[in-house]
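Structures are listed in the sections that come next.
Next come two complexes, and both contain chain A; in the first it sits with chain B, in the second with chain C.
Right, the complex of A and B next:
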């Protein structure tokens, strides 16, 4: 056994050791932070310069790029670079899937925290974790082999459609929304529920008039995070949406999104060509949108802190 | 012990027993509570004060594995009877908690919450209730210019008074308070005590407190609980000057608890 030192010595000795560790720890952590930040900045700068090249170097009109519905980059005589159908497709599937998944996810969260906390959580929690763990290619594959034929036979159209993309994305973002919404609801203090019940409110009144408003900033954050995921998802959507260059005129029309066009075309366009550069421009739009989502999330969480 | 039931009795508790699982937390409680009196409940930590007060508006129902026997007669109706209208009971028996718990909404919406859920819709009527309730708790002058700002911007003492106003807004006749000042500074505490003395004219008040001075300052009756039993219930002056039970005397003179 080690000899017991006087308290003073012990303190001094451990103090020295602690300081050494302190320095090493600090350096390590700073290093990690620096790497993270520089990677992010590099990607942003790279995507920024690459994304702007089509406009600056190749002379594609940014207005045309954002607003025109004609996408025909391979036409040698008269190439057209209107990405609006894809921008529209991205926003459409994002908002539609959020519209489907937000009520479902928030509803499930309320069910787990307020209605049946004991067994509701026991069943739904693993289900959600499972849904998160399924890779997107599997979602796409199931969508392709089950959903697309189902829509074709029972609803109409080709099956490859905005609708199919929306449904697949809804299921994919459901766990994100549900798990954050569940945290939001279960982190609300018990005293809020007590206060409401003590005034004679029913459970439903308490949920609707106290708990949901109190959790709203976080619930909105949950929905935005879900939307960010939907906006960026490529593979699963690409497998079911049909990938056409025309603007869809109904739910059942095939469509395309920024991400699906990028994944489909990045392989067979040559680096530096106009078409390849316009793909980078689409990537830039994705990056800008993800900044927008981050700003929104920041805004909501600052509102939450104010409460 | 003066346990004579009269027309002045609002709550008449008879032979109330309560178990948390196997833990016998309230034992054979007989407890009449008189109209327009302040009844203070004192006793060492864990003796069942909160448990008791939570049975009066059945907030105890939210605790799992609770079993009760006996009677809690509220205006002649046994509220342990299954056919009870909980909404009606809680409208009439308001509760204020240890720590102010305003909803993260505006001051106005906090006070209007009760009336709204009980069906009051007219703006003028709501305005009237909000104004009156805030005046009753002496908060009106402090907040009348910012009724629509967040309630959580108020100080701790103001929040607690707001919660009292919120409880008053449903026009209850009984107000239950579980250590309403234990999280407050002395001045806010004093304000709440003054408030209790004023409210006494219109409401029956049951207050749990660890503060003997507070009990003697605000209450007409004092009940001493010990290990789930009601040891003594009498006029506050009697309890503090000449208690019948030596355990009561021991507690108030600070020998234990």
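Right, the complex of A and C next:
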């Protein structure tokens, strides 16, 4: 163990409290802040210009890109660049997994704060933290080796399906939703609960009519953060969803999302080719969507402040 | 239905939800550990991987994972700490601070695949390096930076005001107060946060696919010259990490023992992340005890 020097000696001895040092320190930390801003700006600019190239340089029609369902970039005579199936797949898995994970996550939060505040939290809190810690490829791998065969044998289809992607993503975004929802519920003032109980309401009535409406903006923030994570998740989904270029017609059909197509094709398309550029356009959509999610979160937190 | 029985049903539903979540976790962990631990052996950890034959290990992947993690932390901890100090101590409320806050928010919500694409553009194509460890570490820095900034800002802000005021009242300059009073008191929380962030970096794969690549050259572990091509320390060589390895053997692998290799790798990955979490907790409580002198 190192010897502890009294602060007075340490400060007197160091002799480094001159004004030059003061400036140097300030410049140093400002530099760090500037680096952060410039990284964000350069990501936006670089991905923006690269993502627009397929429309500007290669003449792919943006409307066709967003609405057409025909994706056939390797056809030499008549290549088609319709990314709608992938955009649809991304939104479908995002909404479906939010639909599954939101009730579970908010329910778990209510369990921890209202039903069993003492021991419920002690059990569920570490569980949630451990779920966060599992890397996404491991989720994907377990989905691939357990969930996909299970669906194939018991429900039908190939196994690689929208359903498998939804289940994997629901488990992945569950901890995000639960931890924020728990913060939301536990930060509600105690007087709300006491007032409701004093009026003779049961616990469920209190939760449903008082606590959930009061915490709603933050609960929605939690769900949106979960959706943002689901929308951008790549490898876990890619391993279970099947990656086909057609629009899925049921839950059990294989599908693809923007992220899975990027992961699969970025490596083996020539940098600068039209197909490669359309992948960058999909990346731009991901970037724009993460801005949209941030704006939504801002909107809800401003509503929370107004209350 | 009376309100009493509705209350009972609702309570039951909440308990069922909690049970579902706990059993998901128990199921996941027991699957990973039961399937994986049987395959982990010294031989598995210390032999190189094979592209076509069965019986390959994960030696290089494991080394690459730790090497990229160390490089990432070397780059991102000073930057994150600086950013945190700026946000906690120097930033005045206003437009500039709001902009920086938005930037942190944007960075932290970017999908990791987008960060990987940015890395491909910046550190692979623009610099002309190709797939490199350094490129991977820089991409992971972008991924890790917002977390570290937030951790250090919170840690510095939670230092009691009196400590800082006392130091300033003694006539000590602001920067010196930061260095000698604020950072040492904030150190435990920053360390805990950094270790937790390491666990996240260790398991990340999507940002590395297009920056550090999917292959590792044949490494010679006796070659410690960082500029030689076969040296494991060379930062300008492609490197496949453990997380990327799990993905690549499952999606494009040709080896016959895909199941075993990925089971073993997944277990190693999860155990490492778990160790990071336990280490963070252990160090956190230990330092907390030492500082506050509680038992």
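Everything below uses one rule, namely that the second predicted complex is superposed on the first by the 278 of 307 C-alpha atoms of A that agree within 3 Å, B and C clash if a C-alpha of one lies under 4 Å from a C-alpha of the other, contacts with A are read in each partner's own complex, and residues count from 1 in each chain.
Throughout what follows, a contact is a pair of C-beta atoms (placed from the backbone, for glycine too) under 8 Å apart; a residue touches a chain by one contact, two chains touch by 3 or more.
Keep in mind that what you see is a predicted model, and the values were worked out from it rather than measured.
When both complexes are overlaid on chain A, the residue A:287 reaches chain C alone and has no touch with chain B. In the superposed model, A:113 makes contact with neither chain B nor chain C.
In the overlay built on the shared chain, the residue A:202 is in contact with chain B and with chain C.
In the superposition on chain A, contact of A:267 is made with chain C only, not with chain B. Of the two partner chains placed by the overlay, only chain B lies in contact with A:214; chain C stays clear of it. Among chain B and chain C, the chain that touches a larger number of residues in chain A is C.
Look at A:191: by the touch rule set out above, it reaches chain B but stays clear of chain C.
Residues 202, 205 of chain A are contacted both by chain B in one complex and by chain C in the other. Residues 189, 191-192, 194-202, 205, 209-210, 213-214, 306-307 of chain A are the ones that touch chain B when the two sit in their complex.
Taken together, the chain A residues at the contact with chain C in this complex read 7, 10-11, 14, 16-17, 19, 21-22, 24-26, 28-33, 35-37, 39-43, 46-47, 50, 103-104, 107-108, 110-112, 114-116, 120, 123-124, 127-131, 133-138, 140-142, 144-146, 171, 174, 178, 202-205, 207-208, 225, 228, 231-235, 238-239, 259, 262-264, 266-267, 271, 280, 283, 286-287, 290-291, 293-294. Within the complex formed with chain A, the residues of chain C that make contact are 3-4, 6-7, 9-11, 13-15, 17-18, 20-22, 24-25, 28-29, 31-32, 78-83, 85-87, 89-91, 99-100, 102-107, 109-115, 117-118, 120-122, 125, 142, 145, 149, 170, 172-176, 178-181, 199-200, 202-206, 209-210, 214, 243-244, 246-247, 250-251, 259, 262, 266, 269-270, 273-274, 276-277. Interface residues of chain B facing chain A in the complex, by the touch rule stated above, are 57, 59, 62, 86-91, 94-95, 97, 99, 101-105, 113-114, 116-118, 150, 152, 163, 166-167, 170.
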